[in-house]
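Take a look at the structure below.
Every chain is named by a letter (A, B and C) in the order it is written, and numbering of its residues begins at 1.
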C-alpha cells in the first residue's frame, strides 16, 4: 500500500461533548440555562439535547457507511454527556474512549476537563451539542488549536461555530474528516447572563474559535483554486487600509473587536486585543480594550478619525453584538462616514446580510445606508453587501 | 456554409422538447428593437472559393520565401524543423483548452513541464512559466513583478534605450495606470555606464537587452553586482538562439530573463502569435506571473503533472493581481519544446554558430566591398547576428531598390527609432541566408550605394 | 517523500536522452569562420543542458503525449465559458500560406498589402458584428483586451479631468480576469451582487453608481448563461453617473448576428476570436482578443490600425497603417496574433451574416435542449431560458458527491467535464456549454452519462470520489505539487544524462 493512500486513510479522531441540559431554558422563556436548570424544569422544560445529538450522529453513521474503509476514533465523556448518545447511534464500544467520567450532575468544569482530555489525544475535531455557553466553556480550553462544530441546541447561538441543523452538521463533520473542508476563524459570543437577568441586554465577545468551513473557491480563469486559509486575504485588506490611511491620514484609528480586525492589527505590527476596541495614533497602539468613556475622551482630542469594524459571530452584526462599548454616542461622535467595515469573502459567505443594532433605531437606519453598504473584502476590492435592520 | 449537424427532423424534435416552434423564440430576453439586426457582411464562400480567395490575398505579400530576407529587429527568419509543425498540428494539442483537467491533459502538461525544464537550462534560471503572449508583454509583466517585489516602495524602472523600442512602448502602456516612472531611455544606446548612474534607492529594476536591439553584446561585467547593490533587480531581454553559444543571463546574475521565443520554431507570421519566455530565480516563484506546471503523483503513486501554485499571491488576492493572464501561448511553447528537443545540444549550438559566422561574413564583405561603415557608433563591440551599416541614402529608398530589383527584403531603418542613427540599416543574417545570397546582397549594395 | 511509481508514465525528454545522439539538420557553414569572442561564450565545461534525441525519438515522444490529451477533435468538450466548438480544418490550410506565414511584421506597408487588407476587412466585419465605431485587433487574448480597455478608460477620464473616478463595478458572477485587470490598470473593484433571477441586482447597482465610478464590466450573457434582461437600464444607470460600460465578449457566441452590443450602449468590448470565431485554443493559447470601441473611446485604441488609403485617382489605392489620435500606446510587439486573424477571417467568410446568426441560434438551442434533458437530475441554478450555456449544481440528494467528483467521473464516460465551481455564486457549479457544432446524438449521450452518474452518486459514491478510473493517471495530488515544488526536470538528472559520455 503506498503512502499517499495511507495518509488519506489515517485514523481520524473526533471528540463528542453533550451538554444535557442545553436549550431547556429557552423553551420556557429564560435566556439561557446556566444556573437556572431547576427553574427551567419547574416550568416544565424537558432535556432535548440528546435527541438532537442522536439525530446528528445517526445521520453521520449513515453517510459514513457509504464511504469505504474510513476508520474513526471517538472520544467522549461518560453517561449523558456523550457515551449514551454514541451507543444509541450504534457506534461500537471498541472505537469509543471515555476521556472523562462525570460524577453527579454535569457542570461547566466537566466540559473543560473533557476538552483537556480530547486535546491530550490530539483530536481532529470537537463536536458539541449545546449553545453559546457550552462553546465558551470549550474555547476557554481549546482556544484556536482545535476546530469546533456545534449541533445547534442552545438557547443562545450568537457564536459562529454552529451548523444550521443536525443534518448539515453531520454532512460537515464527514466532509471535514475526509479532508474536504478547511477551517475559518470565527468568534464565540455569549449573552452576559447575569446582566441580562438584571434587565440589561449585553452580548459579549469571549473568544476566537476555529470551525470547519466549505473552502472558498477562488477562481482565476477556469482554474479552480481552493483558498486554503484566509491569511493572505486578511493581509491584503490590511495593506489596502494602510494604503488608504496613508492617503487620508486620519489622526486616530479605532480598531474594533474580533479576529478579522485583529489580523489587520497584526499585519500593522500592533499588539491588538482580540476582544476589545483599540486606538491607534501614528502607527502606535495608544490604548487597548477601551471602554465607552475612554473612547469619547480620545475623540475629544483628535478630529480626523476612522473606525474599522467587522461583523462578529453568526448573525452578521457589525454593531450591537460583542461591542457594546461602541455606544450610539460613540458612533455619532465618530460619524457614520468614518466607519470602514471589513470582512473576508469566506466570512461574508456565512453572513450574507449585515445588521446594526446600536439600540438607537435612527442611527441604525443611517448605518444601514440605502439597503447596501460597501465592505472591504480584499486589496483594492470592496463588495456591496445587503443590510437589514 | 457552416458546420451545424442537425437535420430538419432533429431540429423539430429538439424544439418540441422545449415546447417551441421556432429557434427565434429562445431570444425573448433580448430587447426587441435591437434583436436580429441585418448585418452587412460578405456573402459566404465555399471551401474552395475561400482557399482561392485567401491564396490571392496572401499572394499580395512579399515574404521570406518569395524574397531573400535580411530583416530582423526582433522577429527572425530561422529554420523551422518539420517535426515542429507536425507536432503542433496534432488535433489533440491544437484543439484542447488550457489543461485545467489534469487527468485528461497529461500530454500538454508534460510538454509544458519539459518546456519549462529546457528554458531553465537555456536561460540559466531556476523557474520558467508556461508562456506569455510575446516578448514585449513578458517584459511588461517582469517589470510589474519587480515593482511588486519592492512592495510599492520603489517606483522607478531603468530601461536601456537599446531595448527593442516596441518592448519599451509596451512597458509604458502597461504602466499607464500607475505612478511609476521609466528612466534611462534618453541615454545613448551604447553607454551602459550612463544607465548605471541612474540607479538609486527608488529603482525597482534595471532592464537591458543582450545582445541589444542593435545586435551587439553589452559589456555586462559587474553589472549585476551594481544593480543588486542598489537593491534593484536585473532584468535581461535575451535572444534564445544566442543562448546556444553564449553565456546565459543566469550565469551573469540576472534576476529575470525575458525573451521572445519566436526564433525557436515559430514562423514570422506577420508578428504573431509569438511566445513570451519568462524565467526567474526560484526565490521569486510565488511572485511569478502566469501559469506553471509541476510534477506530482496520483492516488496510486503514479507520476503526473498539474498546473500548480495557482494559489499564489496574484490569484488568492484576486484583486491584487500582478498579472491577469489567462489564455497564453501554450501551442507556441509546445513548438519551442519540439524545436529544442529536435535540435538538442549540438543542433542549437550549430544554429547559433551559423548565425554568428554568416553575419560576420556579411559585415566584413560589406565593409570591404562598399566601404560603408559598420556599427559606426561602437565598432569594437562584438555582435551576434545583426549589425548596422551607414548608408549614403535613406534606408527606405535603398530597401525599395533592393526589393524591386534584387528580390531582397532589406534591413530595418534605425533612424526611425534612434535620433543620430539616420540612414543606418540594421541587417539580420541567420542560417537561412546562404553565402550566395549574402554575396548577392553585398553586390546589390555596392551598386545601390555607389 | 514516497517514491514515484513510473508505471505507465511517459518518459521525459531527458529520460529518453542519450549523450551524442541527435539529428543533424543544419547545413555546414558555407562562409569563412570568424573567431568567436571567447569571453562571452558559455564555458567549455558548461553544457546547455538540452536533451540528445533522434528525430524518431522526438516524434514518438510527442505523439505519446498527444495521445494523453483530450481535445475537441477527440470528443465532446462542454467547457462552459470557453466555447469549445469545432475548429474548421480549412482555416489551417489557409493560415499556412507562405504569404501569411513568412511575412515579416516590419516590412513596409506596400509589401504586405494582402495582410493589411485581411486585417482591414476583419476590423470592419467585427465593427459590423459588434456595432462599434472602431476595432483594434491588437490584444492577444480576452484578458489583454480587458486591460487595454481599462487603460483606455483611464486615459479618457484623465483627458476629461475626472481623476476621481477610481472604481470599477464588477458583478459577483464575473470571471476572475475582470478584477485582476482592474487592479493592473490601477482601479479599485466594487463587487455588485446578483439578484434571485441571476441578473445584476439593479438596486445595488443604483446604490453603487456615483461620481467615483469609472465604469462597469459586464459579461452578457453572463456567466450563468443568462441574458441581462435589464441591460438597457443597467447601461443607462452607469452612463447617467458618468461611467462607461465594458462588455466582456467571452460569451459573444450567443449574440453574433442576434444583437450588437454597441446597439445596447456598450462603450467598449473584447471579442475572443478563439471562442466565437472558431479559432483553435491550442492547449492554452494563442488567442486573440480584438477590442471594439464606440465613439467615446475609439480614439484611444492601441495602434496601429489599418485603413484604406484615400486616393480617388487610383481604383485600388490599397491599405495603410495608422495610429489612433489619442492612443494609449501599443500592447504588444506587433499587430497581435496575426495567424489567428487569418483563421477568424476565413471563419467569417465561410459563414456570412446568416451563417453566424445560425451558429448563435443553434448554440442556444443545444444549451436549452441539454438543460431540459438534465432537468430534475441535477438542480438548475436558475430556471429560465438560457443562452449558449447553463449552470447546474453538482449536488445529489442523499449523496456526499460534489461537482468535482461528477466532473472527474465524466472522463470515464469519455466526455470532457464542464467548467466547475464557476461562477462562484452557485455552490458546486457545473457550467455547461455544448456549442452549436455538437449533434443531437452527442447531446443525448452526454445527458445519459450525467444521469448514470447521478444514480452512481447514490448507489456507489466511492466510485465517484475516486474517479477518474480510465485515464492515464488517476486523481492527482495537487497539494503535494504545491508543497514539494518540482517545476522542471532535476538539474542532477539533466547533468547525469549529459555527462554519461
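Convention: a residue touches a chain if its C-beta (ideal position, glycine included) is under 8 Å from a C-beta of that chain, and two chains touch if they have at least 3 such contacts.
This is a predicted model, so every value here is computed, not measured.
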Check: If you check the contacts of chain A and chain B, which chains show up for both?
Finding: C
Checklist line | Centre-most chain [mean C-alpha coordinates] | finding: C
Next item on the list: Would you mind telling me which chain pair, B-C or A-C, is linked by more contacting C-beta pairs?
Entry: B-C
Next item on the list: Between chain A and chain B, tell me the centre distance in angstrom, where each centre is the average of that chain's C-alpha atoms.
Entry: 52
Next item on the list: Provide the C-alpha centroid distance between chain B and chain C, rounded to the nearest whole angstrom.
Entry: 19
Notebook entry, point to check: From the C-alpha centre of chain A to that of chain C, how far is it in Å?
Noted result: 41
Checklist line | Multi-partner residues of chain B (at least 2 other chains) | finding: 97-98, 291, 297, 299-301, 311, 314-315, 318-321, 326
Next item on the list: For chain A, jot down the residues that touch at least 2 other chains.
Entry: 2-4, 218, 220-222, 224, 379-381
Check: On chain C, where are the residues touching two or more other chains?
Finding: 2, 5, 79, 82, 143, 176-177, 179-180, 182-183, 187-189, 477, 480
Next item on the list: Would you tell me which residues of chain A are touching chain C in their complex?
Entry: 2-4, 63, 66-68, 171, 174-175, 180, 214, 217-222, 224, 369-372, 374, 377, 379-386
Item checked: chain A contact footprint on chain C (complex, rising order) -> 2, 5, 79, 81-82, 143, 167, 172, 175-177, 179-180, 182-183, 187-193, 203-204, 207-208, 399-400, 402, 404, 419-424, 427, 461-462, 465, 477, 480
